[in-house]
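In the two complexes that follow, chain A is the common piece, with chain B as its partner first and chain C second.
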Partner chain A sequence: MDTLVTFIHQFIAYMNSGGFVMWPLFILVFVLWYGLGYRYHTIQRGTKKSPRVLIRKFASGKREIPKGIIDSAVVDGLGLKAEIADRKMLRKFLDDRFYVYQQTLNQYAKLVKTVVIVAPLIGLLGTVIGMIETFDSLASMSLFSQSGGIAGGISQALFTTQLGLVVAVPGLVMGRLLDKKASKMELDLEQIKDILCSEENLDEI
Partner chain B sequence: MKKIFLALLVLATTMFASTELEEAYAKEFAFLKAQKEMLKARADELKSSNAQKLQSAKNEIEKLQQQVLAKETKSQNLSDALFQAQQNLETMSDDTSLIEAVISQGTSSLKEYGIELPLNKDDYPATLKALFEKSLALRDDLSSLKVEEGSFYLQDGSLAQGKIVKVGNVAAYGVSDKASGILVPAGDHKMKIFTAQPAEDVANALVNEQTPENLKIFIYENVNKEISDTEEKSTLDVINSAGIIGWVIVALGLVGILFLVLRVFYLQSSTGAKTLPTDTLSSLLGSGVNSTLEFLKPKKGATARVLKATVRNLDRDREHVEDIISEAIIHESSRLDKLSSTILVIAAVAPLLGLLGTVTGMIATFDIITEFGTGDPKLLSGGISIALVTTELGLIVAIPLLLGGNLLNSWAESIKDSMEHSALHIVNEYNKQK
Partner chain C sequence: MNNNTFLLRLKAFGWSVFGLFFVFVVVIEMNENGMLPQNKAEKSPMSFEMQQVVKPKPKPKPKPKPKRTPPKAHKASNTPKMSSALSGIDTGLESFMDSSLDVDDNLLKDADKNVIMNESSVDEAPKPARRSAMEYPKKAKKMGIKGYVLLNLLVDANGDVSKVKVLESEPAGVFDDVAVEGVKTWKFTPAQYKGKAVKVWAKQKIRFDFQ
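Moving on to the complex of A and B:
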């Protein structure tokens, strides 16, 4: 319990040493990781098999319960194919049905990107504010005053940049990884559409 | 015959003469011999006397040499002693000047507290002793908490009479009828009340010799140096200090925020009701095209307009309908994207303007350096901090606009996507039913 209290005190001292910029940055951390976590949980491919294999398996009834996005897409697509005979119409219906999946894949992508751009900028803002403090204290010769002064200004400058980078860099890496996964799955969805609309017999692919 | 006679004569004469010569020679020989003896004796005598003299002279020289050696050693010793003495003298004069420096430093330090110390050049120990005694007494005095009557300035500049609690000579508290609190130097040995941190309770507690709960204290370095209140800079002052570029950035920021708000309202109105596509579809499947058009007529917003266009042309050729839908969406998206690029351009330009202001400020600072040199840090750092203010303003403007602009863009994007999707969905379902 005591360690928790001291930890909270240390944390608050850390946040205060960076000035008012720190709290928005701290909130951005939650926004960013909420977005990343949501994306991580929704972008689940399901079975790690190529769309061809999946379609064959689901079509032949070897497999019935879909696990992830691609699996459900295959099941939906096969259902539509059974309903609609016209290939041209089928593609339209597939576009319609797969819209939900595409939306899921791209959810919060932009938010994560924006936060990753904005966090270092906020850090830079804190740095500039700290530098102004430093130069002001040089000007007024109150170099070692209790609040601020040279040390206060510089520590503010460094802490904010630090937190900005700490927020941005993992977000950047994770965001890129998830983006790559999502774009690959979009390609898979396209492939499923193409396979279903092709005239080939499903057992031969 | 004559010849023989002559010869005989010569011979006789010769014989006669030789005897005479022999005699003379013998005589001479004896004389010379005696003389030789005498000379020999004399030579021996001289030789011996010379040897004696030589000996004595040698002895003399040796003696003298010994004397010289002794003298030289003595002189060496003496010069060593002289050097020693000189060194001693130097050390002593060093010591004296050190002592004098200590004493003068001590006297000048004590003078600040009104203690005069006579400098007695003949008796350094006594002077030093007096110096140390007085210093120690002063130290005891200064490290104690004292309450004395006095006056100090109030916030409005009036002088108040009251009690002053002095914590040595590094901090003070004042208590009077009008106001109490921490005192800070106001220059010229006067004190003034410290307004930045009210500490009436602390001052009152100290006057009453109680221990305050929280000891708020202002520790100053020097009673004579005035502590100036740090003037709070208002936002307007900050922007003003950034000059014309600062105002340009602020204006751009206001325009950007205005656009942001406008866009939020526009997108809000474009989104319309979430259930609109499903309502339209159920109405279409239930009661046909005409009544659906009636249903859509009063609806406003981009989605409703696209749906209207879709429903109106549902019975045409499929490709034709799709062209109409995509045209309607393009038409709407140009409206949905209104102001979006302006907002992002402002977000991009604001930090650049800030940088411009910083560079301008730096140039001004360097101009000052060229003119006045680097002697006064106040001139330089003031200029630099003003230069940085523009960057600060630029970032303050850019960050919300970037954040808001990007989020609104993704909102607009999702509206467009959902329009496309619902139109496609309606067409598909309608055709399927048909």
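Moving on to the complex of A and C:
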């Protein structure tokens, strides 16, 4: 408990030493990790098997309950295939149905990317503000005043840049990992569509 | 489905709280030193101690040295002016101590008002009258460095310090600035020479130590 209190004190001291730019960065951290967490939980493949195996299993009735996005896409596709008699129209219906999955896969992806780019820029803005303060103090000769002054301006400049970078770097890494996962699953969705459209008889797969 | 998305958003919210903690713990751990307010508050008591550099005072030699011996006309004509060339160096040669050079105190005349003397040449060495406290350098304090600085001070006739030179410091460079800045604010009792206050170069050792 004591460590938490000291941590909060340190946090407040830190936020004050960086100037007003720190609070937008604070909000950005929140937004960024919300997006990352949301993506992490939505991008769940379900089972690790290839789409081909999954389709066979679900078609033969060995498995019933879908666990992740790919699983439920397979179930959806099979259902659609049973409904639609016209094989030529099947692909278009599948495109339509799978669009929802693609949307879930890419939800918050743009947001995460934007925050990762914006955070260091806001840090840079803080740096510029700190530098302006520094040069102001050079002009007014209040070099070593408590607030502002050379030391104050430069420390403000550096704190904001630091926070900006610390926000951006983990977000960038996590975002990339999730992006990679999402793009792989998009390929899987395409593959499911292809298999469902091309194979007349599922028993031959 | 609705319940499901709510759960998802709750989880995402949990992640964002985690992210906040993560980022700020990292950042605060990064600059653990320097910005913590309570660190500044708990200033451990520390001291520095002055120590006059005691120098075995050589008892006044026939001073002042023949600085500006009036060259005698007949000597100047055939000998190089060795006396003036060597005047600053105490060679200990008999010839320079010779009474024929006719050195007396009047040679200085009023020069002693402007001449800067050193500790061994004045009658009474300057003593610190008022010392102000110095701040122990933060970095040195954190690393537990002790040391000293040997300073050469020019104490003028009013007892103020007008020039400071660092002669020696151990460890080099750590305490120099603090010592120089600090000692400039000191006040001395001026050195006495023949009952008058004179300018003098004095050595002062300042030790930095924890108490």
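Methods note: the second predicted complex is superposed on the first by the 201 of 205 C-alpha atoms of A that agree within 3 Å, B and C clash if a C-alpha of one lies under 4 Å from a C-alpha of the other, contacts with A are read in each partner's own complex, and residues count from 1 in each chain.
Everything that follows uses one rule, which is that a contact is a pair of C-beta atoms (placed from the backbone, for glycine too) under 8 Å apart; a residue touches a chain by one contact, two chains touch by 3 or more.
Just so we're clear, the structure is a prediction, and the values are computed from it rather than from any experiment.
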Given the superposition on chain A, are chain B and chain C in a clash or a fit?
clash
Give one of first, second, both or neither to describe whether A:Pro170 is in contact with chain B, with chain C, with both, or with none.
second
Based on the superposed arrangement, let me know which partner A:Asp194 touches: chain B (first), chain C (second), both, or neither?
neither
Given the touch rule stated above, what does A:Phe7 touch, chain B (first), chain C (second), both, or neither?
second
Based on the superposition described at the top, state which of 112-120, 166-174 or 202-210 belonging to chain C clashes with chain B.
112-120
Residues of chain A contacting chain B in one complex and chain C in the other
none
Within the complex, chain C is touched by chain A residues 6-7, 9-11, 13-14, 17, 26, 29-38, 40-42, 155, 159, 162-163, 166-167, 170
Contacting residues of chain A [partner chain B, same complex]
84, 89, 92-93, 95-96, 99, 103, 110-111, 113-114, 117-118, 121-122, 124-125, 128-129, 131-132, 135-136, 138-142
Chain A partner, complex, touching residues on chain C are 8-9, 11-20, 22-28, 30-31, 35-38
Chain A-facing residues of chain B, complex:
230, 351, 377-378, 380-382, 384-385, 388-389, 391-392, 395-396, 398-399, 402-403, 406-407, 409-410, 413-414, 417, 421, 424-425, 427-428, 431-432
